[in-house]
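Mind looking over this structure? Questions follow.
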Amino acid sequence: MKRTDLALEARELWREKDGQTALPPGVEGETRTEAGCTLETLRVRSKEGAETLGKPEGNYVTVFPEAFLRREEGAFEAAAALLGRELRALLGLTAGASVLVAGLGNEAITPDSLGPRTLRHVLATRHLVSALPETFGAFRKVAVMATGVLGNTGMESAELVRAAAEKLRPDAVIAVDALASRRLGRVCRTVQLTDTGIAPGSGVGNARRELSRETLGMPVVGLGVPTVVDAATLAADLTELSGRGEAAPEDFGEYGAGMMVTPREIDQQISLMARLLGYGIDLALHDLSCADVTALVG
Amino acid sequence: MKRTDLALEARELWREKDGQTALPPGVEGETRTEAGCTLETLRVRSKEGAETLGKPEGNYVTVFPEAFLRREEGAFEAAAALLGRELRALLGLTAGASVLVAGLGNEAITPDSLGPRTLRHVLATRHLVSALPETFGAFRKVAVMATGVLGNTGMESAELVRAAAEKLRPDAVIAVDALASRRLGRVCRTVQLTDTGIAPGSGVGNARRELSRETLGMPVVGLGVPTVVDAATLAADLTELSGRGEAAPEDFGEYGAGMMVTPREIDQQISLMARLLGYGIDLALHDLSCADVTALVG
Amino acid sequence: MKRTDLALEARELWREKDGQTALPPGVEGETRTEAGCTLETLRVRSKEGAETLGKPEGNYVTVFPEAFLRREEGAFEAAAALLGRELRALLGLTAGASVLVAGLGNEAITPDSLGPRTLRHVLATRHLVSALPETFGAFRKVAVMATGVLGNTGMESAELVRAAAEKLRPDAVIAVDALASRRLGRVCRTVQLTDTGIAPGSGVGNARRELSRETLGMPVVGLGVPTVVDAATLAADLTELSGRGEAAPEDFGEYGAGMMVTPREIDQQISLMARLLGYGIDLALHDLSCADVTALVG
Amino acid sequence: MKRTDLALEARELWREKDGQTALPPGVEGETRTEAGCTLETLRVRSKEGAETLGKPEGNYVTVFPEAFLRREEGAFEAAAALLGRELRALLGLTAGASVLVAGLGNEAITPDSLGPRTLRHVLATRHLVSALPETFGAFRKVAVMATGVLGNTGMESAELVRAAAEKLRPDAVIAVDALASRRLGRVCRTVQLTDTGIAPGSGVGNARRELSRETLGMPVVGLGVPTVVDAATLAADLTELSGRGEAAPEDFGEYGAGMMVTPREIDQQISLMARLLGYGIDLALHDLSCADVTALVG
């Protein structure tokens, strides 16, 4: 099966397979441009829609920060503010609400490092609000955690987030993770936000791994950027593109196993996207400007 | 007050102050050499002893791995095995017992990075024992976590360890942290093990910060290496050494505040000690040789 | 054109194209096993052979360190010693000869970091032999340099090596760089040594970039490990493997541009290979055991 | 001898020793404030002045970027522009002049990493100006090199810079290095620029180590920030401050040897100063704004 973590690509695969141009039943969506970005929204509204797309019911926003990627002046600030607004809308937080921000993935493996690298730009305020309420009373209480990865910790990321969430009792969780895409052209060039949470690795429906309202008992917004293409998925797509007929990742046998395709400049690109996501989170949770965040995060 | 995290130095300060050569009442101890190391053991046996030393009741083992520091052949393996035996004795684990290993401190600040760097050498086995009991049945279940630091996470290290401990219910906790010493000559040259746990930062008796049997409800062994000398403590000691009379850290006012004294080669020295501690933990928890650990941890 | 830096694969492509099973005219070779490794040697002996293979005249040794990759006990030491012997043979050094070891590539981009990471394990002895001839007289004088990359330095790697070589006047140069392969199965699993030097990037025949006896005026041995597969080369090979006929990288247009395919565990794999290469260099240049190198390099 | 790399402190020591309040004969100087910074200028104008201060004849500018250290809005941009102007004045470059920027020190040792970290923010343009003169014609040709350290490379930093300078023939060299101060309060809080170049380690007058117009045959500006206090120098100063009489570093014997005193937040502070220096260099060499540099350097 062609592997993707993007709802947008799930819809694309459905269209390719069925020769459709519309949306599946039970799925709504629209596209708009704002703040130098293109936003594609999908709302999976029924069980039928969820099954057709292979994605849980809920809202998916895909942001293409074009002006930022062209490095236009002021585009970073505009895109971060837009992400902040979209994130705030999905979280639906009240004024004094507290939030736990979890960064998933392995910092030592570049394409898997989006989560922990994003955290470098996220303000941890929980201890400040508690200790100095007069000074920091206007901030939301934010706790920040890097979950590490199963191979290094012996714990599923979701298990550790759940442990922290039960202890801290935040009003919502934001989970940041690297995603897989089927198109090289989307790698490090788009951001997905969804109120369906996140399923690290792949395991949709795997309760041990899933971070969602169902498993945590509070709103969970998943925030991610595609950083890799599965080698076999790429091969299948390229075969079709070169006019050699349909192909499935399985056709390429062991060749794709354990391999990933990334841009040469992946390290720098992930730094840029991690900064964008981190600032987006800060702007969603506090009344700050980008300049304020720079001064506070350093 | 002269700052130290070492029981050995607490005893030393007591001797200097009172002109004593023995041990305080309620404190026992002895020195021995083994496996190229000198071991100094202190047992604080009464409330009186604890008050005199300013250290909680319990056992303290200070290991000076001299042969290893001289880089003698085979000395690393011997010292790691010795640490493993001492750690196992303090933990008192049964065969199938599970353990949570927590690394405290900030990886980005060299002298504070001992905890997270030690974790690089600790085998996480919990998921393997669960998933492949036939293959990994002979291993203890070990989970591993880096706690981060309050300023970056908004959570006390102890809070996060407690959350994980409540979720995982291990039979014991090992907490690794960098310590402060009063003597430059001990920095990165000695290891302290204690079944009294650990009090990150300084806060002895601060329940929010303390990791101990009292706060976690299970055995907690603290494992640490001194990596810094407090600048004001150093100044006070140096003043006395140069024959200029007694001095207290406070005499040097703001000069020591926020400053630390470290060896020039601190980065490399911490790497060496982190590896020694990591291997010591692995040897304490599993029936492995150093060569096995190398093959498994990489 | 299918991109490869391995002479072995140039021969393979020639065989595939011409349906041959032998070697091209002017090329000799053989295969043997030793010290847990398979070695394939190619000797390009004539201009005709060089043109057929697209590789300069000279000797190419490809080492597959199978036992080391299976993590067998003692296999690292055996493979490092074998690399040392092969490297020494290609260098043809006399007893007091001095060597400049250059690590090419970008440390910040994982698959390009082989060169600088190898240097971490290479003993720099030039200053010691000069300052303390009684103690270090038995060592060869070795200087070590990381060249950085054009985008960061504004200088071609070869330019900087040439500048240092003109200043230091070593008897030989060893240049370490990451290579491109056409087969995923070879990535991080083989080492190429060649007395034809190295052509960073791709530019065979590009004197500004080439590091060879011709451009430096002294023996230059290139030492490399394939760390990436060009995405378009991969796609072309996979298309053929899946029975969809012949394909060229160009068929996949812009899709491969700026993309690379790597193993998921690339970071750890490069660490292992960098260590193997570094020790191999040390053993080639000095009368040391692996244990000695560990003690000296740390 | 109390160790300092700052001309300002050399003057201070002279005043303390001789009870003077003026400047030594042959030395001129003044203080001014500009762009949120305090600047102290010293001009050593005669051999007598040089001997009194123990600093070579030439110009020394010490910049205290107070507003930037208080993190005032716009203060980074103002301080970087000021550094750019001062640096440009010391370099005395003509329009098409080319420059080699050398970063000295060891990236793996935090307080010694100022040089290589500064380079991360310096635009390498030499290859771009050569390859695309229409697009980059307005830029000066800038080459950038990290010298590494003697223990890792076997080469003196100055040797390697000299090799590159002979090859590239730039019109001037900028050498960036971490400095030693005698006052904790100056660590990471001040920048020294001088047209006398730089003497890595300590060796004033040691031609093998010195980077200056005398040894390179072209203008050399040294740019540095104090990042450590020598432990024994600190002890001597603290002893005097605490009213215990005069003291010399030697009084503290082996205690200071191989030790350094740094702020706890040294890692973050060096990042900030390295960014300030890097931008200052870019602004000195090209007609750019800070926003331009951010877009180009990333």
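A, B, C and D label the chains in the order they appear, each numbered from 1.
The definition used in the following text is that a residue touches a chain if its C-beta (ideal position, glycine included) is under 8 Å from a C-beta of that chain, and two chains touch if they have at least 3 such contacts.
Here the structure is a predicted model, which is why all the values come from computation and not from measurement.
Trainee: Looking at the contacts, which chains touch chain A and chain B alike?
Mentor: C, D
Trainee: Would you pick out the chains that touch chain B and also touch chain C?
Mentor: For chain B paired with chain C, the chains in contact with each are A, D, in label order.
Trainee: Please decide if copies chain A and chain C contact each other with the same set of residue positions, more than half shared, or with different positions, and reply same or different.
Mentor: same
Trainee: Could you find the chain whose CA centre sits the greatest distance from that of chain A?
Mentor: Between chain A and every other chain, the largest centroid distance is to D.
Trainee: Hey, how far is the Cα centre of chain C from the one of chain D, in Å?
Mentor: Once rounded, the distance between the two centres reads 38 Å.
Trainee: Rounded to the nearest whole Å, what is the centre-to-centre distance of chain A and chain D, using the mean of the C-alpha atoms as each centre?
Mentor: Distance between chain centres: 43 Å.
Trainee: Find every residue in chain D that makes contact with two or more other chains and list them.
Mentor: Only 268 qualify.
Trainee: Line, ring, star, complete or other: which one describes how these chains touch?
Mentor: Looks like everything touches everything, fully connected.
Trainee: Could you please specify the touching residues of chain C with respect to chain D in the complex?
Mentor: 119, 124-128, 141-146, 148, 150-156, 159-160, 162-164, 166-168
Trainee: Enumerate the contact residues on chain A facing chain C in the complex.
Mentor: Residue list for chain A touching chain C: 108-110, 184, 231, 234-235, 238-239, 241-242, 244-245, 247, 251-253, 255, 258-268.
Trainee: Under the definition above, what is the set of chain A residues touching chain D in their complex?
Mentor: Within the complex, chain A touches chain D at residues 71, 73, 268, 271-272, 291, 295, 298.
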